[in-house]
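Dropping the structures in below, format is structure tokens.
Note that subunit A is present in both complexes that follow, paired respectively with subunit B and with subunit C.
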Partner chain A sequence: MRLIGYLLPRIAIALITTLGVSILVFLALRFIPGGYADILLGPFVTPEARAAIAQRYGLDQPVVFQFAHWLWSLLQGDFGVSMVTQKPVIDEFLRRAPVTLELAMIALFVALAFGVPLGIASGVAGRARGGFGRVIGAVGASVPDVVLGSALIFVFSVWSLWFRVGGYVPFSEAPVENMRVMLLPGLTLSVFGVALILRTTRDAVMQVMTEGHITTAVARGERPRDIIRLHVLRNAAIPVVTVVTTYFGFLLSGAVVVEVLFSIPGIGLYTFNGLLNRDYAIVQAGVLIAALVFISINMVSDILYAAIDPRVGTGNRR
Partner chain B sequence: MSALRSTGAALGRLMREDKLSFLGLVILVLLVLVGLFGPWLPLGDPTRIAAGPRLGPPSWAFPFGTDELGRSYLPRVVEGIRATFLLSIVAVSITAVIGSFFGMLAGYFRGVTDHLVARGADILFAFPAIIVGLLVAAMMGPGQISAVAVISIATIPLFIRVVRSVTLSVAGRGFVTASEVAGATPWRVMIVHILPNILGAVIVQLTYAMSIGMIIESTLSYLGLGVQPPQASLGSLLREGSAYLTIAPWLVLSAGIVLSLAIMSVNLVGDAIRDAIEPLKGRTLT
Partner chain C sequence: MNSNRSEITIMKFRPSISRASATVALGLGVAAMASLPSLAQEKTITWGKPAEITGFDAHVAGTVASWEMYQMIYETLLEADESLALKGALAESWEQTSPTSYTFTIRDGATFSNGRSVTADDVIGSLERIKNPETASYWSAQLGDISKMEAVDDRTVTVELAEPHPAFLPALAHITAAILPIKELKEGSFDPTSQMLGSGPFMVEEHKQDESWTLARNPHYWREGYPLADLLEVPIIPDQSARIAALRNGRVDFTTFADPDSPQMLAKDNNIKSSPQQTTNYYRVDVNALSEDSAFHDRKVRQAMNLALDRQAIDDFVFAGTSEVDYPVPGAFGKDACRSLDAYALPREERIEKAKALLKEAGNENPEVGLIAASSNPVLGRIAQVAQQSLGEAGFNVTIESIPTAEYLQRVFTDGDFDFSVSWLAGYTDPTMVIAWWNPEFAIWNQVFQESVPELSAALDEVKTMQDSPERDAKLAEICGMIDESANLLALVSKTDYVVYRDDKIEVKVPEKSGSSDTFQYIEEFKPLD
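The block that comes next holds the complex of A and B.
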């Protein structure tokens, strides 16, 4: 019962946010210079053709009706049609989603594999001896993906080593080849996450270390390893889970620049190319999908909270 | 005011004792000075074509090498520093005004106002910055104004959340209640009593928003959606240089290293200010 009381308002908020997001995205497309008919038909349009298009797409109706119509199509999975290929854009997005998802998973894995242990080590070492965590955190959070990606591309196109730049192959066809292509972009995307997770873990651990129950455990003579495992990590996990879910939400769309840099055919590159081709249906769908993914991931993180923190929903949470 | 002075003293102590913070401050001051006085420094003319060889490597005469038109790259990077800083400062100022206003409104009035502002922030927060950049570029065309808009859209929700939570804690304190009992209007309470007390948090957020702004600017300009050539920003220089990445890597590397240093120095100074204001509080900006 307490869980329903905790989750229901959050689901309601997610729905409101979704509605707001779709209104903004819908309105944004209305403001594109030239209007829909001009984009579709090019600069030399007869008034009749313009009227025909307006009627066909319902542009002659009040905006509210247009929005309702658009939203209804969305709910049925219709995200619009590419002006270039005249095919539903959602099919292309679904086809490319696994690529971006793989990229995001690699980045998340690397970020967790380095960020959490380094953060714990640096947090437990404390202010005096944990400086390495600060340096890694400061550098990692400050090098933009573009810069790091370019540096990696330079290094690995001069000395190929084992990696490859460009020439994507699906994982299902050739897993090893796929990794040769995907590891570098994944690594590029992960560095900000390493810094973010490291800093959050470090702060959380340092915060927990100052609390009374740790002193008590030390006084009881518990082994340091057990103190960290049983008392520190469980309490430090909550802010880390928040930041990990937020990071994952951003990853799926932060992939744009990495996909462009490394020519990885994911949804980010597809949306970007949609913009270059003035295929606005693709841009619109891309923005909407990114926002929806972000909202859904936040929902999942709220549910995770309830699983990790027994105080959730009981009103005893600080 | 005394609170401000003690914060200043704590900041000074931190800068003296902590090497990393001090390093950040030194780099930031250097970059700002170079950005401000760049045109008057004897670095060479950024626009002079064929000043040296095409795509020449770094040398004494051209410390950052030369670009494809034989322009010296160092003065161009200096121009880029100026543009990137200016653009981010403009965007973050807009964010600070809008974000502080709505954050204070939500934190002070609470109730329905709070809900409305929070939902608005949620909606903006759901859009990832670079994706918004694509949409804004579609609407307004690529350019500096688009970049400023994208940075503001991305940082406003973060700002609102922080200002709101700080306002909530300040609004519950005695002097605010005293002022309300004495009959002060809400606006007076917010401006005279709450604003000075949330200023520290605002400044810390300002530095974080600034570093986010610089990352967004460079990414958008790299993608061709922000600052357009021939104007130089650190991001547009990255874009220009990336065409010659394998034959003239110093172009991308010099702009990229300067950009990373700039972002890092802003972050380090922000961390130092935060530690001086609230020594044990966790980081607020994700």
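The block that comes next holds the complex of A and C.
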């Protein structure tokens, strides 16, 4: 019951946030310069042609009416059709979701595999000896994906070194080929994650290490490995879970730059191209899905807090 | 006990299992043998396409990214050869029976990929569709004023124009005048806004938006034995570095680049070759003469800018000298028009001095102007940088803005909210077609920034009715002078396309010159070597 009481307000806020995001993106798209008519006709867009295209896609209706129509269709599971292909955008999102999910999983796996152990090691080593954590964290967080990705593409286009740039094939069809294509973008995406998780873990571990119960455990003569496992990690987990879930949300909602750079046909690339083409249904659906993913992941992280620290759900945390 | 029972069961079924295994193996073998010839014959070529189409409707889309794909699927009545002379495509022959009358005979065997023959009704219906204002085709104006069309028989069409329009034939050679299957369109089994069904060498087998196309050979293509490839795979690879990588690792057989840097870098690879293609297209500057907020509202400032632009520097620094300074009448047509104008003929120092004098006369010796370029094409940004520097020598303070394509298009062609912008213009296959855009009443798209010069518009209307002749060349030269005086829409340098391919994987045929943005005009002759 307490957990339900803890989650219900969050669900309500999530619904309001989703509606707010959908209104914002809908309006923003209508107010940014340029429309699909410009993209389709190039410079040759006459007022008559613009009007004809607007009428074809219902863009000549008042914005409020357009929004109401879109929302009503959405509630019935209709995310709209692409202006370019005239096909339902939800089909494309469903087709592309596994690609983005795979990319996100690779990046998350690498980020966790390196970020958590390095963060713990750096945190336990302390300020005096844990400088490597700061350096890796700073470098990883400072290098933009676009720079790292471009550098990797250049290097691996000159020396293939087993990896391939572009040419995505599903894992189920050709696992090895899939890995050859997906590992580079996955690694590119993971670098920021490594830095983020490393720094968060390091700070959390260092914080916990200064607390009294750790000193007590040391005084009791517990082995350092047990102290870290039983006392440090559990207490340091909450901030780490927060950043990991947020990072995963970011990855799932479309790692746009990396997908564009490596021509990975995920939802980020689709939404990005939709935005460039002013293909409204794609962008509206893409942003809404991204928002839903973020919100859902935050909900999961809220639940995880409660599981990790029982005081969270009861309001007894001090 | 259980173990024994299992052994007995296995023993009991062993003969049956053996027989079944043999049958399956035989079946698989037969199936494999049967599929061997088709597998062996399946020849695929892969084109790394830099951009996705912007729409399916061949009569409507105004972007090269779309035209390139339509050219694989659709055909036009005519096409231009390497010397920009017209030749038959879907039309086996044509005849001009009077200055306004034409008769076209459709090629025997021309067939849509669904197996139906191309008929005179398809030609008439396609041209009617382009002319129909509801289609919103910008190509309508280029076709001239069609007063009457008749199907003499299934393969013969006559077209009557209201007045002479020699550019009618070249206009038919552009893919925007593609012949669609009108019968299917009228029946409702074909929607040109979401499907492609043509009589060209390939047909669409699969399309994954923004990802790839798979085109299969059109089994009914009229040219016997072509296309040479059974499949044309088309991954969409916008990133230039990714296209370079794809060429190197063999994922694509051929692709294109907008500047010579990548081809030059790839030239070090033994198996990669480059084939530059000269076009009638050129990079241009649109200048806003109508906005009172712009320094270019003053004609003298525009003229100064025209003089101060260093076209040769653009060629040298952006295109490594592989391009050419170009003119409103594209240099690729081999005409002398425009070449003697001050902006081209005077030495640079004199031009700068003249530009400074003009700015002084205008009372604006250091005009503050903004130059915008669409961010989707990095070449435009580089041209803008060279222009910024060269104009600075005359006293201009240029601020460059790189913005998304949709925003660029709206600001320049709809809102007129800019000072000047850099872009490129298709030159087509007749000089009167491209130069017609200098008449805002004809072009329409430049009405928000181009001043109306009645004598220029009249001259442009007149030259459109003239056959290629010394008189027409003289008129073109006269028009060049007026264009220069107005300095409202300026040619910079020619646009060369760079086709880069793996010569160990494919044999390509790329015409040295193209007038219809039809780089892969001979795609059916691209031969896979694998």
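One rule holds for everything that comes next: the second predicted complex is superposed on the first by the 273 of 318 C-alpha atoms of A that agree within 3 Å, B and C clash if a C-alpha of one lies under 4 Å from a C-alpha of the other, contacts with A are read in each partner's own complex, and residues count from 1 in each chain.
The rule we apply is simple: a contact is a pair of C-beta atoms (placed from the backbone, for glycine too) under 8 Å apart; a residue touches a chain by one contact, two chains touch by 3 or more.
Since the structure is predicted, the reported quantities are computational estimates derived from the model, not experimental observations.
Counting residues of subunit A touched by each partner, subunit B versus subunit C, the larger count belongs to B. Of the two partner chains, both subunit B and subunit C are touched by A:S150. When the shared chain is aligned, subunit B comes close enough to touch A:V21, but subunit C does not. In the overlay built on the shared chain, the residue A:N273 is in contact with subunit C alone; subunit B does not reach it. Touch criterion met: A:V260 reaches subunit B and subunit C at once. Contact with subunit B, but none with subunit C, is seen for A:I295 once the two complexes are overlaid on the shared chain. When the two complexes are overlaid on their common chain A, residue A:F79 makes contact with neither subunit B nor subunit C. In the superposition on chain A, A:F93 makes contact with neither subunit B nor subunit C. By the document's definition of touching, of the two partners only subunit C reaches A:G167; subunit B does not. By the touch criterion stated above, A:S142 is placed in contact with subunit B alone, subunit C being left untouched.
When both complexes are aligned on chain A by C-alpha atoms, subunit A residues 32-33, 150, 153-154, 157-158, 260, 278 touch subunit B in the first and subunit C in the second.
Per the touch definition, subunit C reaches subunit A in the complex via residues 52-56, 60-63, 133-134, 136, 138, 191, 193-194, 207-212, 235-239, 241-242, 244-246, 248-249, 251, 376, 404-415, 423, 444-446.
Of all residues in subunit B, only 20, 24, 119-120, 122-123, 125-128, 130-132, 134-135, 137-139, 141, 211, 215, 218-219, 222-223, 225, 235, 238, 242, 245-246, 249, 252-253, 256-257, 259-261, 263-264, 267-268, 271, 280, 282-283, 286 touch subunit A in the complex they form.
Per the touch definition, subunit A reaches subunit C in the complex via residues 32-35, 38-46, 48-50, 52-53, 82-87, 92, 95, 150, 153-154, 156-158, 160, 164-168, 260-263, 265, 269-270, 273, 276-278.
Against subunit B, the residues of subunit A that register as touching in their complex are 13, 16-17, 20-21, 24-25, 28, 31-33, 131, 134-135, 138-139, 141-147, 150-151, 153-154, 157-158, 196, 199-200, 203-204, 207, 210, 239, 242-243, 246-247, 249-250, 252-254, 256-257, 260, 271-272, 275, 278, 280, 283-284, 286-287, 290-291, 294-295.
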